[in-house]
Structures are given as structure tokens and as C-alpha cells.
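Just dropping this structure here.
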Amino acid sequence: MDLYDIIFYLFALLTLVSAYFVVTNKNIVHSAFFLLFTLFGIAGLYVLLGADFLAVVQIMVYVGGILILLLFGVMITNKITNVSIKTGTIHIIPAAIVIGLFAGALASIMVKTQWQTESAKIPFTTSYALGKSLITEYVLIFEILGILLLIALIGAASIARREEKE
Amino acid sequence: MLQVGLEHFLFVSAILFSLGIYGIVTRKNAVMVLMGVELVLNAANINFVAFSKFGNFGINGQVIALFVIVLAAAEAAIALAIVLNVYKTFVNINVDEINKLRD
Amino acid sequence: MSENLLIQLSVTILFLPLLGFFAVIFLNKKIPNMYKFELGVISLTFIATLLVLYGKLSGYIDETIIGTFNWIDFGKVPVLGSVTIELGVKLDNVAVIMLFTVNLISMLVHYYSVAYMKDDIRYNLYFAYLGIFTFSMLGIVITHNLLMMYIFWELVGLSSYLLIGFWFEKDSAADAGKKAFLVNRVGDIGMFIGILILYTNYHTFTFDEIFAQIQNGVIPFGSSGWLTAAGILVFMGAVGKSAQFPLHVWLPDAMEGPTPVSALIHAATMVAAGVYLVARIFAMLTADAMVFIAVVGAITSFVAATIAITQNDIKKVLAYSTVSQLGYMVMSLGVGAYAFAFFHLVTHAFFKACLFLGSGSVIQAMHHEQDIREMGGLRKKLPITYVTFLISTLAISGIPLTSGFLSKDGILAGTLAFGDLTGHWLIPAIGFTVALLTAFYMFRLVILTFHGKPRNKEKYDHAHESPKLMTVPLIVLSTLSIFIFYTPNPLSPDAGWFLGEWISTPQTVVPQSSAFEFMNDGTTGTSNEIIHSQIYEDAMHHAHYPAMFLSLALAGLGIFLAFVFYQWKKISADKFAESIKPIYQFSLNKWYVDEIYHYTVISGTLAFSKILHWFDAYIVDGIVNGSAALTRLISRISGLIDTYIVDGLVNFTALFSGFMGLSLRRLQTGKVQTYIVFVIFSVFVLLWVFNSI
Amino acid sequence: MEGFPILTLITFLPILGMVLILFMPSVQKQWIKITALVVTILQVVLAAVLLANFNYEAVGVNQAETFQFVEQFRWIEIYGGSWLGTIKIDYFLGVDGLSIPMVLLTAIISLIALISSWKIDNAVKGYFALYLLLDTGMMGVFVALDFFLFYVFWELMLLPMYFLIGIWGGPRKEYAAIKFFIYTLLGSVFMLLVMIGLYFSASEKLGDGTLAHTFNLLALMDQSNYAPDGILSPLNPHNLRFIAYIALFVGFAIKIPMFPFHTWLPDAHVEAPTPISVILAGVLLKMGTYGILRISFPIFPEITRDLAWYIGLFGMINIIYGALVALAQKDFKKLIAYSSVSHMGYVLLGMASLTTVGMTGAILQMFNHGTITAMLFLLVGVIYDRAHTRDINGFGGLATQMPAYTGYITVAFFAAIGLPGLSGFISEALVFVGAFGVPEIRTITIISALGILLGACYMLWTLQRIFFGKLNEKWSSLQDLDLREYIMLVPLAIIVLLLGIYPSALIDVMTSSVNYLVEIMLPTTTTISSIGF
């Protein structure tokens, strides 16, 4: 059990615990903040997996973008002033049982399976390699994603703006 | 056993995935559902990156993860826009009350 | 004149009247006097005919001139090689004399009609029809083959139809026209089949080629029975056209047409075409066929004569007399007296045309009264008509110095010789009986019409002699009934130019075994080709004087009886008729032949057609509609099955699912989240089931 | 003429006209009519050009190289898997002596019927568009030399006919249209089955030497093209050619129409508008007999020989039965319809003779019946236009009122009953001459000759009932023929008269082909005595 392992367990714990709070906390704002920690934890895991660029992206996009977006959503829809920020839950018990079973099954599969592993050949800095493959091998997908984002942008704007036309 | 390997990452991912599902299933608030979805997506991402590292797939897994993140961002934007719209229509965003599908 | 010129002239003669027909048909509306064109055409035709007659008799008296052209060419037919259908013109003495007769009478009738028809609304059209009739009749006369004969045969039928029904506003006229055409068609079918038999075997329609092949021993289908059949079948055409028993019924009805038409078509020319046809095929008639023809002719002449005695319509009497005389001619051909048959054809054409035109003159004078019981004493009012009528009556009765005496005597001699040679004595017996009857009824007609006192004073007073345009033809025709035009010897025609030089009996080509024995030329022993054999010649010679005296005596008796009954009224005709009422009625009603036909053939056909119509509408179409209905029924049943069983099953399924759904509805919350739980659970179950966990 | 696609032009010109008409506004009725008129006139001109350039010596029938004005190229070629092989359908047009009279007939009748359509006033655009489509279908049937193409044209003609009867027809038009459609479709189904059977039984060598199944009629006529195990192969001892022949024959017989499949005809005729009756009688009926001549006979010569007696028998039944039923009719148009049944019997009889004279007579009768019956239906239409009734007994004495009309109808009637000098006689006489020469059907021929008499019976009786006698006062205002009616009647009358006097004009066109057809129909051992004439 070296440092690497310890760091892994820390991050894993951080991720899972805060994720647990994300899904169980009644206060939606709290949930959002716990999500922040989950995402951090995952970013840490990425670093441990040698995906430094991805970790940075994870923090920038998720924490800097998506999470903020979510918070905005929470605030707009709850009209913070007069509506309880707490949200209810539904049939927790059957869901918990089923998903517990499922989680168990999934986890046991992950663990029991004899994965074929090989020694990694991940380059030390991935940004160069990533950038290269993005504009060579994956250039089409890259472009499509760009368009997708644009569509999403316009779509989101148009969906959200519809009220004014009515 | 304590030596961190592929399985560990996968295990974390599996739990995270289940938690995400749990969030989707149990929460009333649409934004909370969205958070569950984010968890699920991240669980998947962990798998991609983990396999990428341990499975000798080079950088490819990371590229896919990158794409997933982008998709997640787009998805979040759209979803929130929808949530806003739904809110305007039903004056709440509690998914259990939006059950038009039933009729 | 060269042969070619004669052929060309005769073709011109043929087509000139057709030109007249088309010109008048298409221009009669625009030019009111278009009929004059037709008159000009027919006169021109007559002049050309005279030229042909002269040219033929002066230059080619013993030759037959033939001109042909290919009408249809079938190219190189498999197996048979080249096949063509030829049309052509055959000018022998018979043809040119016939040509002359037809054209002369036709021209006279044309001129006569100018006066007779002058107030008719379809004046021009009438002349057009006369034109097409003349065309068709000339075609029959000059043809050299059976097909062309048949073609023109039908065309004269058409013109006869048009002319009989000329006054179609009268139902009786329209009926008569139709009847004439249809009855003729019955005969024509027989003729057509006969032609088919000949063509099938000889691959030609031409008379001479057929005869040549028969002479070479080619017999239809290898049996002389078929040769007899072919002869009789072709003769069927003559039975129709020449109104022989049992197809004679149309001719009396045909008197519905204008009287000049009756004279031209239904007395002088068209009806004689049948005789002409038999004369044309005479060479190929077997003994059996000849007996058949003779018997038909004899029956016809007898039946018609017995009917003619009791008729009261002037034209009907003449019509039956025509039938009777045609029967004579046919009988004459049947007994082998070919030359006399043709001779009688020509003489009869003239005097019968004269009689009909005379009757037309009477009818017009009497304001379209045709019943002889309303007439009487007309000889003072109509002197020219009376004289010409009387001359013709003498001719038809066979009184010496007339042409009729010569021809009729020859025919009777022929029957006598025939009876002598073959033992068929019935035929001369009938022949002589008919001679008696003919003289009787013809004089009855003359006496009732022209002699005695007028029985209808009013009409009598208005009667007046016809204009010159009508009397001149009468005079011409009656003049032609004098013997001098045919022979210098008033008692025997043999020495005359007509029979002595112009007409000679054709040689028979029938195999020896199926021809009459007496037709074999005794001089050579092996030849079988001369019908006018010495034996027959001798028999005729022997029969000549007995026949002459007997027929004279009978004719005299007939005339005497007519005078006894009608002129001197020694015996009341009415009382006599009363005493033999059944026979009288039988004769008056024309042997009930029309009625028999009406109740058997016509009603039968109509009833059969109604039955078939019913069959068609309800059975044949019923099956069609029935199958449609059946299809509909099946579709309805399957529809029911569909509704109640298949759909019922579906509905039951639906119901069942509905029930199940109701019970499972709780699961269907409409909430996505619930579904996700199920999905997850299912995945778990699947994982568990597949034992992966 | 070399290389100029005249057959394609003559066939598809009407379609072109149809497209033009479809682009016209439907209120421009006059222009629509004029367009259709121009198209049909051009078609007649093309047919005349065709005839003028026709080589009378070339035989055709089953020799591809002696067909004339041939246009052949691959239309459809798909690889249909190992079982189907290469599906090969040719666009193959050509004419020979058998088809050129029909092409002429179609062109002429189309034009005449179009003139007769001039008075159509409702839904003009639809009518003329469908009419031209029908025209293409008919023309195509007579020039197609590929079975598939033939079938396509055959069906193409069916649909416009259905609508033309069903929309512009009389009181019971729906019934008549449906009956016509279903009946004919039934026939087509039989034809289709045989067509497919033949397709799988025969194959043709392609340019590259490989064998492929074929719809090419000429290839199907060649017995050496059949595989030994094909179901319709003559080489196969257990073949189904007999059944196929009957099925094909029934398909064509419905169209003729042959007893007992004739009952659609009176209904269709009575309900159809006049021009469509003209087309129906003038051209459509001929497609049945043409099909038999073009397809049944050369493809199945041995079965044709065996069944010739039965064909003749049905011809006889048609002649006698049609005439007798016509005798009982009270509706003028129905009478003419049944007379068609009777007259088509002569065609069957002539074909059954399998002799040159008889077959020539049959083809000539097809042409003559087309013109004569067209004339009759036009004339019935004329009187119906004026009097609005067709009850024969309701008329009387019209001859005084309408002399010109009476004149033309007399010509038509007498042509129909085979009066010499008019065209009907020649064809009937040739049929009889040909059929009588064959010993097997001699009795049938003799009985059929009764048809001449019966035909005269009903025709003359009708003539008398309608035109003779006293004029019925009710009809004293009827007008005689007008200019348009003259224009459509005079050409037909001229044709009828011309062919009556000089039949060689048409006979010479077909003799080479007919002779050749007779030759290939002959059994291998034939002598003069056995074939008769």
C-alpha cells in the first residue's frame, strides 16, 4: 500500500461519499455543492489514471460550467424567495432495494471479472497526444461535436426563450 | 488486494453509477434528476479512462471521455432549458407530477 | 372486232350502270333531274351491248372469249404452291344473248318507268336502284367463275331487296323485301357450300377449269355422290333466286314493288338467273342431280300453276305464272333439253316483261287497283295495252306463230323424250298438265281484265290509255314474241338461227357411270362427253310432233274452258269453286306454304332465339354474376369470420390485455423514474438468470 | 427509315399528347380536344408512312431478322439471385404482316372515335387524357414483341378503359365497368401465369454467351431454346404445355369474347359512351384474336394442331349463338354487341383452319369487323344522341326523316351481313373457303354457314323496324347527319367499299407472313390430301 494507493482511496472515498450525499440530501443547494466534491474526486481519479488534461477539463467544464448552470437552474425554478429549497423524494425503499441489488451485481461483475490488462503506454503528457488525435483521427467527431454544441446552444436558447413569444 | 488496480476504479465507477441511478429514480426535482445523470456520465467516464490506461488503448479512452464531457455540457444546457419550459407550463418541476405519459 | 375489244366492251357494259348508280345516289339531292343521267347510261349500255352481240355472233360464233385478271393472290402457300383467285369475263353465245336480253328489257323498263313513276318522291333514287340492279345482273351474265357469280348473285339480291321495299312506308313492302332477301339467302347458303365443295377439290372457281378437271377424272372427295351433291347444292342457289319450290314464297310477295320492277327483276331477268346458273353448270350435273332438278322444276311449275288459277290480284296471277314458267325452264334443264330451256328463258323474258308492263299500264289506268274482280271491259279503253297483252298471253299459252309456242313445245318434247328414255313419265305428265293450266289461267286473266262489262264503273270511266313512253316498250316486247325473230319455220325452231346456230348444248363432263346412259354417244361407244347424243336427239325428234299436238290440244282446251267459265259464263266459276271448296281454298291460300313456314321455321327460330336470349341473360351471365355473388358471399362470410372470430379473438386478446393492463396499471405510473426502476430490476434479473453474477 | 424509331413514336405519341393535355388548364376544352385530334391524326399519318415503307416480302412471325422497323434494347436487367437468374426484359418492337393491319386499324379507329368524342362535355381533360393513354396501350399491344412488354401494354389499356366506361358511361356504368375490368383481369392473370411459366422454361443466349431466361416472344417460339426440364418445355415429357395453352387461350378468349366468356361485352357496350364502344368493338376485341395468332399459335404449334377442332367449334358456337341472341334483342346497341360476338366467331373459325386462305380471312375479318362495327356503333350513337333511346321497337319510318343516315346504316348493315362488294363478304368468304378445305372442321363450317342467314335475319329485321314503315310522329323532328358525323362515317364507308372491291390492298400486306405462319404450324409430315386447302 503505497502513496498512490492511499491517494486513490482518499479520492474514491471523497467521490462516493459526496455522491451519496448528492443523491440523498434533501436540500437541493447542498446536493449541488456535494456534487462539486464528487466531481473533484473524479478529477483526482483521472490524475491517478494519468489523464491530466482530462482532469483539468473535468474541473473546468463540470465545476466551472455545468455545476454553475445547475445552480442557476435551481435558483430560477425555485424562485428562491418563497419556495422551499428542499425537494421531496419518492418510493425510496423499493428503489433502494432494487438499486442496491443492482449495485451489488454490478460491483461483483466488475470485481470478479478477469480483466485482460496490459502495461500502459500512456504518454507522460497527454495534451499533445490528445490534441493530435483530435485533429487527425477524430477530426470528424470533433467537428460534429462542435456543431452539436452550437445546436445545443441555439436550441437551449430557443427553448428557454419561448415564453416571450406567447 | 489493496493494491490499486483496474478493478478498483471499476468498483468506484459501479457504485457511482448506482448512486446516479438512485438519484435519478428517487428525486422529485428535475434538476436533481439531472445531477443523477451527471453522476452516471462520470461513472462511465471513469471506466473509459481506466480501460484506457489498463487496457493499452492508448489515448483513445481519454478522447472518448472528453467527448462525453462535451456531450454532458450540451445535455445539461438543453435539459435545463427544458426544465425551465416545464416549469413555465406546470409551475413546478417535480417529475412525479408530470405524468402526462400515463394518460 | 378483236377479242380484247369485246372483253373491254363487255366490262364497260358491266360498269356503266354502276357509274349511273353512284352518280345518281350522290347527286340526286343537288340535281333534280339526275335520273336522266341514268337513262343516258342505260341507253349507252344498250348500244354497246348491240355492238358486242354483233361482234360476237359475226366474228366468233363458235368460240368462247375469256378475259381474266388476278383478284386475290395468296402468294406461295405452303404445300399447295401458288394460290390465286381470279375474276374474269366469259363471252359465249349464251352470255351475249343474255346480255342483250337483259339490257334491252332493262332499257325499256327504264323508259317505261319515267312515265310510270313520275310522281314518286324518290324518283331519282329509283333509277339509281335500277342502275345497280342492271350492273349486278350483267355481272351474273358475263362471269366466267362461280365466285363472281355468287358475288353478283348476292348483289342482285340486294337490288331486289331495295326495289321491292322501294315504298318502304308500306309495311307489306318492307316485309316483302326482307322476305325476298332472307329466302334467297337460304338458297344461297346451299349454293355457297356447293361452291366450297368444288373449290376445295379443284382449287379454282372457274367453270371451264372445273369441268376440265372433272373430265380428267377428278371427282370431289373421290365419290360421285359428292359431285351430285355439289350440283344440287349449287342448284339450291337457283331454287332461291328462281323461286323454285319450296323457296318460291318470296316471289308473289315481291309484287309489292313497283310494277316495272316486277317486270324487270321478278319476271324477266333476275329470276331467270337461277336458270342461267344451272345452264352454266349443266356440264357437271350427274344423272341424279338432273333428276332432282327436273323433279323440283316439275313440282314448282305444277304448284304455281294451281295457285295462279284462283288468284284475283293481277300481279299475283302473273307472279305465279312466272314461278310456273321458271319451273318449266328448270325442269327442262333437268331433262337435258338445255337449248330449249335457255330458249324459253329468252322468249319468256320478253313476253312476261310485256305482260307485267301491260299490267302496270292497267293498274295505272285503274288508279292503282290490282284486283281483277274490279276490272273488266278495259280493251276499249286501253287498246294498245290489250293487244300487246293478248299477244303475250298467246305466247305464254303456246299458240303457234308465237315464240312461246316454239320454246314450250321444245321443252315438252324434251320431257317426253326423257320419259321415254328413263321411264320418268310423271315429269311429262306434269308438264302437259301445266300447259293446260297455264292457258286456262292466263285467259281467265285476260277475259276478266279486258273483256266483258266493267264491274267498277267509276274506275272504268276514269281509265285512259297510257302515254307513249309506256306503250312503246309494250309494243317492242310483244313484237319480240313473234316467231320470226328466232326461226323462219313457225312450227320448229331447230332450223332457225337461234337454236340452229347460236345455242348448242355443252358436253357433259361427268364420268360415264354417273351420267345417264342415253347421254353416251352411241357412235363412239367409249366417249362419255356428248350429252346431246344421237339417242337423245332421236327421242326428241320422235317426241316433237306428239308433244306439239298434245300441247296444242291442251292449250286450246284451257283457253276454251276459260271462255266457258268467264266469257260465256256457261258454268258459274263461283259455284264450281263452291263445289270443290277444299281444293279451291287450298289453292287460294297458296297451299298454305307461308303459314307452314311461319309456324315452323320462323316461329321456331324466333322462339329459339328468345330461349337463347334467356339462356344468355340468366344462365351464362347468371354464372358470371353468380360467381361474382358467390365471391361476395364468400367475402361476406369471411367478413363475418373476420368480425366475430378473428376480430373476436383480437378483441378477446384486447379484453384480456385490458384486464391484465388494468391489473398491471399500477405499474404504469407514467413516471419515467418508475420505469427506470423496472429496467434496472430487469437488468438485474437478466444478469442473475444468465448466471453472470 | 433506317434508325428512325417510328414504332416508338406511333406508340408513345398519345402519351406525349396526354402529358400535354395534363398541363393544360381544364377550362380550355377546345384546345384539349384539338391536341388530342392532332395526336391521333399524326398517328394515322405515321401508320400510313409505316405501310408505305413496309416490305411485303418480309415474313416476320418468328424470325427476328425479317421483322420490320425493329427497335430492340435492354429495358430491364437485374440479377435476381441464383434461382431467378438474370431477369432480362427487352424493349422490343417490330411489325410484320400479322400486326400491320392491326396497327392501321388502331390508328384509324382511334382517330374516328376521337372525332366522335368531340361532343364529350364533362371532365374533358380527364376524358382525353385517359383516351390517349388507352390509345398507347392498344398500339403497344400490336407492336410489342416481348411478352413482358406485351403484357404491360395489355394491362395499360385496361385501366383507362375502366374509367372511361365507369365515369362517362350510361346508367349502369359502374356495374359494366367493374364487370369488364374483373373479367379482363381474370384473363390477364391466366396470361401472366403462362408468361412466367414460359419464362422459366426457356432461355436465350446473351451476347456474352451466357444463357438467360427470356420473355422474348421470338425466342419463346424457338423450341430449341427450351430447357429439357422446364415445365412448359416441349422436351419435357411431363410438361404442362397443354394446360398452359388452355389458360392462355382463356385469357385471350375473354377478350375476343368467346362463348361462354362473352357476357361482359353487351353490358360494357350498352353502358360505354359511343366513342368507347367504337374503340371496344373496333380494336379491343381484336387484341384477343391477335394474341392467339401472335403468341398461342407459334409458341404452341403442336397443341394448336390438336385443339384446332375445338377452336373451330367455339367459333361456330359464337357465330350461331351470337346471331340467335342478337335476334332477340330489343336494345339497338346490345344487338350490335351480340353481332360482334357472332362476327368474331368467323375469326376463330378462320384461325382454326390453319390454312393460308382461312387465316388471311381471319385477319381480314378482324380488320373489317373493326371498321364495320365501328361504323355501326357510331351510327347507333348518332340516333341515341338525337332520340335518347335505343329501343328498336320504339322507332319506325326513320328512312323518310333521315335518308342519308339510313343510307349509311344500310351500307354498314349489309357490310356486316357479308354482302359482296363490301368488305365483310371477302373476309367471311375466305374464312369459309379456308375452313371448308380442312376435313376435320368441314361439318362445323357447314353449320357456321347458317350464320350468314341468321345475320341477315336480325340485321334486316332491325333495319325494317327502325327505318321502314310509317314515320312515328314522335321522331318527326330528328335531324339528319351533320358535318361532323359525315367526317367520321365517310372514311369508314370508303374503307369498307374499297376493301370489298379490292381486298388485295390489305391481303398482299399479310400473305408472306401468313404463309410462313401456316408453314411453321404444319405437322412435319403433310401432304396435299391431308391438309385440304
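By letter and in written order, the chains are A, B, C and D; residue numbering begins at 1 in each of them.
We adopt the following convention: contacts are C-beta pairs under 8 Å (C-beta built on N, C-alpha and C of every residue); 3 or more make two chains touch, one makes a residue touch a chain.
These numbers come from a predicted model, not from an experiment.
S.K.: Across the interfaces C-D and A-B, which one involves more C-beta pairs in contact?
M.R.: Greater number of contacting C-beta pairs: A-B.
S.K.: Which chain wins if you rank chains by how close their C-alpha centre is to the centre of all protein C-alpha atoms?
M.R.: D
S.K.: If you average the Cα atoms of subunit C and of subunit D to get two centres, how far apart are those centres in Å?
M.R.: Each chain's C-alpha centroid was found; their separation is 35 Å.
S.K.: Any idea how many Å lie between the Cα centroids of subunit A and subunit D?
M.R.: 81
S.K.: Compute the distance, rounded to whole Å, between the mean C-alpha positions of subunit A and subunit B.
M.R.: Roughly 6 Å separates the two chain centres.
S.K.: Take the average of all CA coordinates in subunit B, do the same for subunit C, and state the distance between these two points in whole angstrom.
M.R.: 110
S.K.: Among the residues of subunit C, which ones contact at least 2 other chains?
M.R.: 671, 673, 677, 680
S.K.: Hunt down the residues of subunit B that sit against at least two other chains at once, touch-wise.
M.R.: In subunit B, the residues touching two or more other chains are 21, 25-26, 96.
S.K.: Give me the residues of subunit A that touch two or more other chains.
M.R.: 90-91, 95, 99, 102, 109
S.K.: Any two chains that touch count here, so list every such pair.
M.R.: The list of touching pairs comes to A-B, A-C, B-C, C-D.
S.K.: Within their complex, state which residues of subunit C touch subunit A.
M.R.: Residues 671, 673-674, 677, 680-681, 683-684, 687-688, 692-693 of subunit C touch subunit A in their complex.
S.K.: Per the contact definition, I'd like the list of subunit B residues that touch subunit A in the complex.
M.R.: Subunit B reaches subunit A through residues 2-23, 25-32, 34-36, 38-39, 42, 45-46, 49-50, 52-56, 58-60, 62-63, 65-67, 69-78, 80-85, 87-88, 93-94, 96.
S.K.: Can you list the residues on subunit D that touch subunit C in the complex?
M.R.: Counting only subunit D, the residues touching subunit C are 179, 182-183, 259-260, 262-264, 321, 324-325, 327-329, 355-357, 360, 397, 399-400, 407, 414, 419-421, 425-426, 429, 432-433, 436-437, 445-446, 449-450, 452-454, 456-457, 460-461, 463-464, 467-471, 503-504, 507-508, 511-512, 514-515, 518-519, 522, 526-528, 531-533.
S.K.: Given the complex with subunit B, which residues does subunit C contribute to the contact?
M.R.: 668-673, 676-677, 680
S.K.: List the residues on subunit B that touch subunit C in their complex, please.
M.R.: Checking each residue of subunit B against subunit C gives 21, 24-26, 33, 95-96, 99-103.
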